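Look for chain A in each of the two complexes below; its partner is chain B in the first and chain C in the second.
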Partner chain A sequence: MNLGRLYAIAFKETLQVWRDPRSLAIALLMPLMQMTLLGYGVSLDIRRVGLCIYDQEKSQISRELVERFTASDWFRISAKLSDEPAVRDAMNRGDCIGIVTIPINFSRTLAATGTAQVQTVFDATDVNTTNIATGYAQGIVGMVTADFESQWAASHGLLPQTVGVVDLEPRVWFNEGLDSRNFIIPGVVAVVLGLVGAQLTSLTVSREWERGTMEQLISTPVTALEVMVGKLIPYFAIGLFDATFCLCTAAFWFEVPFRGSLLTLTVTTALFTLVVLGIGYLVSVRIRSQLGASQVALVLTMMPITLLSGFTFPIDQMPRAIQAVTLVIHARYYITILRSIFLKGSTLADLTVPILALVLYAVVIGWLAARAFHKRLD
Partner chain B sequence: MADDAPAVIAEGLTKTFGAFTAVDRLDLTIAKGEVMGFIGPNGSGKSTTIRMLCGLLRPTAGRAVVAGFNVGREPEAVRAHIGYMSQKFSLYGDLTVRENLRFFGGLYLVPRRDMVERTRTAVSMAGLEGREDALVRTLAGGWKQRLALGCAILHRPPVLFLDEPTSGVEPEARRRFWELIHRLASEGVTILVSTHYMEEAEYCNRIALINAGRLVAVGSPGVLRRRELGGVLFELECAAAGAALLALRQAPGVIDAAIFGDKLHVLLHDAAVAAELQPYLARQGIESTPPRAIPPSLEDVFVQLVQRPREARAAA
Partner chain C sequence: MFERLYVMLMKEFLELRRDPWAIFRLVVPLLIQVIVLGYAATFTVYHVATVVLDLDHSQASRELISHFIATGRFPIVDVARTDAQVTRDIDSGRAVVAIVIHAGFARDLGNGKTAPLEVAVDGTNSNTALIALGYVSQIVAQFQADQVAKAWPVSAGAAVPGIAVTLQERPWFNEGLEDRWFFIPGVIGTLTLIQVISLTAFAVVREREAGTLEQIMVSPIRRFEFILGKTIPFFLIGLGDVVLVTTFGVLWFGIPFVGNPLVMLLGASLYLLAALGLGLMLSTFARTQQQAFALSFFLVNPFFILSGFAFPIAAMPLVLQWFTLINPVRYFLVVIRSVFLKGDGVVELWPDLLAMALLGAGMLTVSVLRFRKSLD
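Take a look at the complex of A and B:
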């Protein structure tokens, strides 16, 4: 590899990117747009979900229960119903996704036995939201009954401990607020980098074919490796700039707690950027039109990264065969790395396995791309 | 490379694309410092041959030695010793004149101390003084072509391949381009230049005529004109050119007849037959001017050479 030729290629490529509105837009606007869309759009939390209350009892305790639902940030009471048909109508009209029915003998049963049942009915067409909403509803009911239990125990002259109520006190580590945003946003960074990086380099070789400059380029003594490395240098700089932007947005705008070291973050991010650029470059070498290369790069990265990287669907809950497929999804490793660095403060040593996976990935992609570049027209 | 060794040797060079034979067992030798014209119609195999000589296409059969290096075995050494201008303009339109020169100078590892001088030479050769910072896509055809030539010779290659450098360029710019070619040749550069403009062939030391992938003749323009025609050439003017053409081809003593612009060229075994042509046509109701002896052009030679194998095939 000759440094003079490497510099010539890198400098020329920089000028071209700088003068190409399409490349600049991909480099600068795409990360901004995607961080905003995905950062705000994808959330596993529920917020002010519509709920109908059918309070058959209307006692002090039942009202207290309703009050708890009203006070929570997760639900809003869209209607208070008074009879059975109204319940069905409300659900059918889509006024609410769930109905909480407090039975007529609620407080009496509670007073007599220390436990009582509340019926909740949820519209399960949106399974995800329903699952989460059910969990939160159970939580609220649980808190009310727990309060009442201790009152009940006291009123019966017993100390709560001696009643034998099992007091489960869950402790959550790393994401204490159980805020799904802290979990999602590092994933968003990986998705955005994965998409933008591959788009950036997908144009670089196909542009030469499309404009006819390739024939002149390959008639010179430049080597395939010089072309690859030289072309990747400016995009690597852009990629790192984009990565910095995305990571800063995650840490300062979305306020994901950052507990790791900058060194670990820089090393792993540079590595992932390299892999992503390499994939785009490989596509560009194989496909000789800019539009085609850009489309292929999009399809190759979009689906796997959003669906199979663990970004939205946890990998350990996928069928075994699909789990095996995720092993070749580069973003999977970076998402793991980012979540660990941000939330757990993991070090390079902790992350040896995913880092080695990315190194292997980079080597294989680089080798394939260098091999795919021929200095011939046939 | 020995001093008297040819700059380019092609032996049995063949290229097939599927069932189509683009270049068929081509043998060609170009001496050092020679300007060799590569003449033939579009699609006759000129570009394919040049690309094989540059190492851009792998020959199906045959071998080539360029500037002393075997193209198949030492393609990079060949690339370092040749300049190439592809048929399609292939500099970077979104870079300026200076940036293009700098880029190719970088790729060819032109020493920095030489670069200033060579950039100046290339710019003045292209007539682009004062426009060094203009984007190349804003330049007109002739300037682009001369700049492309400037880029191709930045590393001072001993061998230059120019693939239809003057196509689509206006006549004045074409003339200037040929002046540059001759200036380079006088400095000892060997040049293979393809064109489909017959009149440009006259500017070459030797020409290679190619048709349908086959080399049909090689020689200096003068020699080809004298030797290859096989008869004497006459020209006549005639209103009903189509009918006259058919009639003349049947006439006794006529080897061939062809339409050239608004005139007819007739090739005769013997000049004595010429006097009988006008009465012969008149008998068939075709009016014409009396035939006039003319020196053959290369186009006449080419038409004649291309026709011969076709007639041989038809006869067989």
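Take a look at the complex of A and C:
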């Protein structure tokens, strides 16, 4: 590799970036916009789910039960219904996503047999919300049961039971408040970097082809490796700037606890940026039309990075075959790394496996890209 | 007019045919993504790797652990002997949940005291942790109930050992609580959006960069016809995408399609109109393909993530909820999910259909107006 030629390529590419201020502005503004939109928009904390109440009994006990639902932080009572057709209508119109029905003989059955049923119906189109909301509903009913139990025992003059109570002490590590933001924001950083990076380099070679400047480039004495390294240098700088910005936003604006070391963060982030840019470059070398390259880059990055990286859906719950597919998703490793550094304070030694995976990734991509670039016009 | 439009359309399709990889690029990644994402997208927590530290070694503690094992959701990956080992397992990510039963658990339980049970969860993934904790409390409640039932001597004659208000749950529209039924319609909408927007955004810029835009401008074709000629092929491609992926979803994943295909077609058409309008608008802002590309990246991702695809819109801050009002994906997801699972018709879905129609009309108008300026 000749440093003079390398410098010439890097300088030319930098000039090209500089002379297209719109693209540069997008490259610098995109992280800002995406971090804000996604940082605020992506949340799995479901609060105040709309609930309809269909109290057929309207007794003191049933009102007590309804009161429990009203008082809860998790639910918001959007309507009180009075007949069966109204229930169906409310669900179909989407007024509420769940309906709690207290049957007509609720308190009588409770007094006579000790057990009574409350019925909940959920619009299960959104499965995750349904699952979590059902959990909360179960919690509320559990509390009600405990209340009724002690009332009943007192009214029957029973002594306290001789069985002890298992006192469940749940302790949550690393993300003590179970704040979904702490889980999601590091993922957002990886997603944004993955997208910006691929977008930066995926047209860099196909552009030369379409504009006819490839012939000029070929007629110069530069080698394939020099073209690759030279072209990547300015984008690497932009990528690192974007990365710094995203990480600072995560730590200072969204206040994700940062427990790791800056050194670990820098090394891994530089590595990931390199991989992302390399993938874009590889696409650009392989596909000569800009339209084609951009489509491949979009398809290869957006959905896989979002859905297969563990950003939204936990990888260990996927079917085995799909887990194998996720091994080739680069963001998967960086997301693991970021979450560990931020929340667990992991060190380089703890993260050997994902770091090695990224290194391997970078080497393979670099090798493929260098091999794919021919100084021929055919 | 039709003749000129026809010529323009022929030219566009010719261009598409000349690139033999184009069709391949349009169809194959789409299908692969539907398959992979269809399997990958799930919030269900099937199993949580668990480490157990039993310092009590009593019958009660063993019984409690077997309650955990019996659910099948808590595979025991390690039986620890010390606290340090538990910490190491959770730190390294080997286990997500730790159950620690302290010495004296059985004694306290027998004496009618409070017997503490320590359960530690790795909260890195808050959603999984939340769901896992839900399972844990259900298991503990069950264990408790079993202990109470055992403690009541039959001879005591008490009719009611404990009061129970039980919750009977009935999920509608998706009785098996299948995640896939929820996510695949979302995948259909997003993949179509990505494809249509990127194709359209490039359409005009490419002509400009290649220098062929001037040739078109000197031909007698009118602007309106030019835009129609540019959008009709992509509209057809988009429609093809929707049909292909929907058929695939129904046949491969067995998602029920309860509704009327015509409602779906109407929804898809309006949605594509909005997507085309968006793509065209982008192409009036971009001078080069690089810019068009960056802009489509810029917009598609937030539209995708803020559509209610996986993250409920109701959980977003109010300002972002307003932002989703201009997001065509949001409306299309409502339409497509309702048609698939609930069988809703135009009567229920008209607000969403109208919103997409308005968005489409608005964006197409803006892009036609902007074209005038950018072409002159």
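Following the convention adopted for this analysis, the second predicted complex is superposed on the first by the 287 of 378 C-alpha atoms of A that agree within 3 Å, B and C clash if a C-alpha of one lies under 4 Å from a C-alpha of the other, contacts with A are read in each partner's own complex, and residues count from 1 in each chain.
Throughout what follows, contacts are C-beta pairs under 8 Å (C-beta built on N, C-alpha and C of every residue); 3 or more make two chains touch, one makes a residue touch a chain.
The model shown is predicted, which means the values in this text are computed figures rather than measured ones.
Undergrad: With the two complexes superposed on chain A, say which partner A:Y7 touches: chain B (first), chain C (second), both, or neither.
TA: So A:Y7 only meets chain B here.
Undergrad: On chain A, which partner's contacts cover more residues, chain B's or chain C's?
TA: C
Undergrad: Given the touch rule stated above, what does A:P85 touch, chain B (first), chain C (second), both, or neither?
TA: Neither chain B nor chain C is touched by A:P85.
Undergrad: Applying the document's definition of touch, where does A:K375 land relative to chain B and chain C: first, second, both, or neither?
TA: first
Undergrad: If you stack the two complexes on chain A, which partner ends up touching A:E215: first (chain B), second (chain C), both, or neither?
TA: first
Undergrad: Quick one: classify A:D20 as touching chain B (first), chain C (second), both or neither.
TA: After superposition on chain A, A:D20 lies in contact with both partners, chain B and chain C.
Undergrad: Kindly classify A:V118 by the partners it touches after superposition: chain B alone (first), chain C alone (second), both, or neither?
TA: In the superposition, A:V118 contacts chain C only.
Undergrad: Report, in rising order, the residues of chain A that make contact with chain B in one complex and with chain C in the other.
TA: The answer is residues 20, 211 of chain A.
Undergrad: Can you check the complex and tell me which residues of chain A touch chain B?
TA: 2, 4-5, 7-9, 11-12, 15-16, 19-20, 211-223, 375-378
Undergrad: Inside the complex, what are the residues of chain C that reach chain A?
TA: Touch list, chain C to chain A: 19, 21-22, 25, 29, 33, 36-37, 39-47, 49, 64, 90-93, 108-131, 133-134, 136-138, 140-141, 143-144, 147-148, 151, 158-160, 162-175, 177-179, 181-182, 187, 190-191, 194-195, 198-199, 202, 206, 209-210, 286-298, 300-302, 304-306, 310-312, 314-317, 319-320, 323, 337-338, 341-342, 344, 348.
Undergrad: Touching residues of chain B toward chain A in the complex: what are they?
TA: Within the complex, chain B contacts chain A at residues 51, 54-58, 75-76, 79-80, 82, 84, 86, 88-95, 99, 102-109, 151.
Undergrad: Could you please specify the touching residues of chain A with respect to chain C in the complex?
TA: Residues 20, 22-23, 26-27, 30, 33-34, 37-38, 40-50, 65, 91-93, 110, 113-132, 134-135, 137-139, 141-142, 144-145, 148-149, 152, 158, 160-176, 178-180, 182-183, 191, 195-196, 199, 202-203, 207, 210-211, 289-292, 294-300, 302-304, 306-308, 312-314, 316-319, 321-322, 325-326, 339-340, 343-344, 350 of chain A touch chain C in their complex.
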